[in-house]
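Read through the structure below, which is laid out as structure tokens, and then see the notes.
Naming follows writing order (A, B, C, D, E and F), and every chain is counted from residue 1.
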């Protein structure tokens, strides 16, 4: 039995050196990156037994993705395809007022043709947790169906299903997202949503507590986590509310902050911790992530616990 | 009036440092690269007034292509599109027995939807030479039609049309290529073909001289250039045959060798040189190109002429 | 007719990686950089038709400058010289208390011998705006005369002349600068000056408004722009005063901030905007510039307008 | 049941850019490298199910080793230790007459204290092949005993044991090596030795065939492979002799050539191929390895088979 | 006669690019670094005649250390050893909450066997100042004895001895450090200690003034300097107290801040300045150091004096 | 007494990565380089006590030169100047047919104003050998006089004077060089000349032996060394002729080959070896130099002697 199975697209991320523009860049950093594999990496690094499954082109680019994940201890169970591209995205890091900019080049990716029956169904059914995010159904009609079947099958098999809204305005409209996601919610046990997505996509109002309560009530989620950036996060679980402040952090790369939170949260839930403790690990892992270039939280459980125990120190020697 | 207009796809080329594999690479070099723009750059650097036209996505990636060409003095006349991708290719350099490997990621490129009427038709009609290659019609049915219209319009307007067979086995079969290309040949004045392509795609036999003679006769080309790698090149023009040896070269990057040859050849034809002299410039520029990383011949006319005059010297100081 | 012609020295800029000292550096970044070409680039990127003219050594270094500018869409109209060097400058980036340090190595540059008659006079006379800065007359007596002739000729031809005081203490004394610049002012329509230069070089007193009013009155400028760093800028035009706050910015490279402001300001004036709107574009472009390594504002008009419309957002995806 | 278990030290390899000296280097490449893990990687990449086992310090450096291996699909089964260092080596690449130079910094490595009982004994006993090399017993007395126990246990459990002499003159004398290794040979089924090591360490004479025959006879090896660098390799198996020429190769990094050969040889033996076929795969993989920076053969089975089928081609596109 | 002789271990420092983790790093910066040589470099750069003495392995790594120091004008007087390693340390830079992390790999370094008689004793005895730090006796019992002999010999010969507590929790416990250091104090004239070390290792209480007074009284130090990070420093000398604020600084690399302070302090004491002035130079040099990557203060006296005179300016040109 | 004093210009060398053109380069390597300091470095690394003297601008660039030399153990005795530039040169590495290209930017260098009286005359007079080359008098009239005075003073003081013709066609004509150099020859004891320079500048004919004999006879040189690239070198000393073959070498950077030869030759002459042995060391050091990027021979005496003893080996481990 696997602790956690995640399903989704992992892209190759191409980014010029800090501050440089794509238009004049001559060198790009090259990394594997995707919400669902980010979650698997964070969970794996916090000692969960995590599997990432997807569909990739049988090419050096597809193999680059797998190599980038396996080194973190994530098991990859991949459908290799002769059709379809490897999705990529280009990233320009910048501070105010430019802002970090993402240029997607992911149309026609092999994963957009992934049908549920192709995936390692028995692994999904044997998992304790199954996770995907709102990016997946946004990628193609096929994936919208696959996501639904995945969550239903996991639910039927007794897995806990976790889902992050992860709204991407470059992929679909709020209205389309809302319709699609709400159709999935009956098979979701743990919902994660940014407060902003809850407002702009799910049309929720009120403060984070009201949002969580409303969602829990309307869709019957076991747990709702509302993330609020620098303002921390709030979880509602079994009727109880847990607030968690964000840790102060020197941000080097903000991409993947939420995924680090979710991966650590799930790892601790899998380890038997309560929601409050899992939120603490999530927040500390998210803060560490922001100090690390790339999408994934290259941390150890010991490092996360040191943040929880003592906060930061300028030099450790 | 422009000296030379070229039309075709220019991609972004992503390559790991020398010898590294894509699967384990963490950094990629990032350059603009495409047969027809390579030709425009070589011609421009040898003092021709060259324009490259194409269709690009209106994105930082499309702008990266334009910036990469303009710095060489090529004028770019581009249709900016909200639809379609920027084509890319990944390149792994390697020596024997691995060989340099190209992984195309060019499906769905904006250029594949380029119709002739979108292009700067008057510039094509005002050009002295118009050039494209066999890669262009291989990319889409639309481009197959556009290529035919381009060559016909140029021909009608009195331009000299030049065309390189440039067979790419990863894009189409020899039979498909032959059928498509032979349909274009009636509007081509100057045909360039690798000896190997002449044999495998155009089904020619005999030595290079026989190939050139046969093609000239069958299709009525004004000039046929048969390139033979390290064995040099042969041109048949107005019934006369010109043989040109290859210059010795320390190869750092073989990509774009043929395009450098053609660009220099056309620049000298435009400058009024005869075919024999243009072949010399072509061969010297091709040899220089192989010492330079990237697809394009970053040379000056003076450097080309120094090779012609004196060959190489270890250090110039 | 060209929108904007700028004239001045463009150097090659050599800088070690962030924080490293020249004394121990083993690698240097290599870029083209100069106040007047920076202005041309910013204007060109905001859709003006900009030409940069100067005199360069006929060498790979001179060609490096041209290549560096052309990729931004600036047209270069250069006098190639067999005499004189390519000016360079070395740059050490540092924060407080070290400060970014510039080491000029520009003596004997080819441009210092540029006489007005060598330059593309007809382009200057056909331009809508002509721009140079106080660096140019500081470089040589020849250039002092050339600058005067350039501004006079442009003025006579009906162009609007724009001039930035751009005082450089490593080139001349405040007194020498004042004498030279005030002799040029009768042919200047739009004066730009840092508040500090106005005080220390032009011996002005009072606040920015008083400075602008005094300069306008004394020299008859159509427009006076006083820049004040983080405190924004103030323009006096036709007797009206326009204040513009600076946009908040995460500074990666402060060099070229003022040039970005001026280039954008001129581009919008050329596009028909009033002074107040042009100031807004100037301020937003200047803020974006500071997030970008190198001297030039590698931005698009859309990016500038997004800053004007909405300010920054952490990640755009 | 695992196909292949390998045991030995994996170091971190630190090397300056091509040609640079350590004494003046400012940047070092950082890779994981070790004979036995190199073999596991090559075997894994040719589709064997390979496990590498060892003892590592519980530190970021030990984790760096594991991450470096896992990305190739090798499973790592590591004893994490609070005592002992992570071995490293410094590598200066150079051609004639300098030669590539290795500076070991591996004393006191955690692995030197690895006792057999600590290792995953059941995995060793369940493996089809067990591999280690003559480097392992050279590292400490403890490892000399552990190597003996490992080979004995594997042998007893019915695994095929493979052993490469891999003599390292910087670790021990030929005499010491001979005494130690010959004590291990009774438990070895497949012996691999460089011809030079056979002569200088094992005191063999005659040609490669005579060496193989003599070793097989004296120690009862099932298979003896004698590698001869550019002269290829010779195997003696069940009394039959198989000669294999080396493939021509453009060498970028010669380190790990022999390990690539062995890994591929074992993978094909595991896949059921005969010795002659396994030797072909070994030679082709070794030739590919030399085109790749780092110790490991980052290849695919398809690439190896393309070399076998057709040899090299300059560009594949 | 030499101004300053320092003795201690200098390591090679290996650090991944900003923010990257060792576990996933592929490139490391490579520098020489050690408290006592850092002090010698800072003093030398502020015009003292400084010698660093130590014991190094006779290898490219040992030579790398010497080359790294000599370029700053420090004379190196080294015992070259055939035994023992070159100590190294790995450094991961990070901000809050991760913190910069140091992984030592210095066991078995050649210097740990350095006996006093091996060192250039006559140079020590001819020096005006002799400096070492609390790291040295922490490294081995031999070095604990050598440190004692060094300080005693210097004292006997009339040199002023300076000593920085420099507690390293990864090397020894506070109790062990206290016992060892207090045994050395009778031969120390100038004691430098971080306020935190004074509390946690030397068991001092009260504010910095009380700490300095107590230490001076108990051990008879001529000078006691208590450093307090962002809160500046305090010196007690001949009964008088001098407080020095820290200069504001944009920190790029905090390692070596204290050593820069001490090196500059000693250089100015050697130049005849009083303690108050020496503290100013120390504070300004420390602030500059933090803007520079690496352990050493690559500054000039002029730069330090510019900070003292005027504070920072954004760009100097 | 110093073993060797060398005098001449050392520049900063700026070179793009292998094969890249200056015109499109974005990064440059940065090194100190000059014939006379190259000789001092090679001699110093082969255990001579070497001093380099020159005049440098008092700037970070001048200090960069000194730092670059001191790390090799060369003592620098420099006149710091407030006038004059730091000379630089740009280097494009390339193979056939492009050839490595040098772009000098050395006009107006501080050293061109160096008068003999400014230099450390007593060190010159106390040296055993004094060395400069034909580049020095080519740089300015002042330096032509200074070179003459230097050689005369050294000669008068009893030093052995060594001089390399080192003709640079980008600095002067063969006729001008011949006139200037022949005026210096009466004060030269050891003349080194490339065979090509002997022919083209000194107007010598016949084979290398005849050249050496003729020069020795005409000018009374104690030793004449004629270098012949891949054909080795020939020395005539006290009437005896010594021929030395070149060692085979894989060339990575050919710049500085001759200087490495001379530095090693002089170091061995200083150590008491005869001319034949010194020629062997010269040839081996020159061969090693060509495997190393940069102008200087970063070697040890042990490495040179290993080449002499055994030639190369692919990997040393």
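To be clear about the criterion, contacts are C-beta pairs under 8 Å (C-beta built on N, C-alpha and C of every residue); 3 or more make two chains touch, one makes a residue touch a chain.
None of the values given here were measured: they were computed from a predicted structure.
Using only Cα atoms to place each chain's centre, name the chain farthest from subunit F.
A
Working from the CA atoms, figure out how many degrees subunit C turns to land on subunit E, in steps of 5.
120
Given the two chain pairs A-B and A-D, which is bridged by the higher number of C-beta pairs in contact?
Spelling it out, more C-beta pairs touch across A-B than across the other pair.
Measuring between mean CA coordinates, which chain is farthest from subunit D?
C
Once you find the CA centre of subunit E and the CA centre of subunit F, what distance in Å lies between them?
39
Averaging over Cα atoms per chain, report the distance between subunit B and subunit F in Å.
The mean C-alpha positions of subunit B and subunit F differ by 46 Å.
Residues touching two or more other chains, restricted to subunit E: which are they?
Residues 21, 23-24, 26, 63, 67, 71, 101 of subunit E each touch two or more of the other chains.
Which residues of subunit C touch subunit A once you look at their complex with the stated criterion?
71, 247-250, 252-253, 284, 287-288, 291-294, 298, 303, 307, 311-317
Which bits of subunit B are touching subunit D when the two form their complex?
Its residues touching subunit D are 17-21, 23-24, 94-102, 104, 168-170, 254-255.
Can you name the residues of subunit E that touch subunit D in the complex?
14, 16, 21-31, 59-61, 63-64, 67, 85-86, 88, 90, 92, 101, 103, 105, 107-108
Along subunit A, where are the residues that touch subunit D in the complex?
Touching subunit D: residues 63, 67-68, 70-73, 300 of subunit A.
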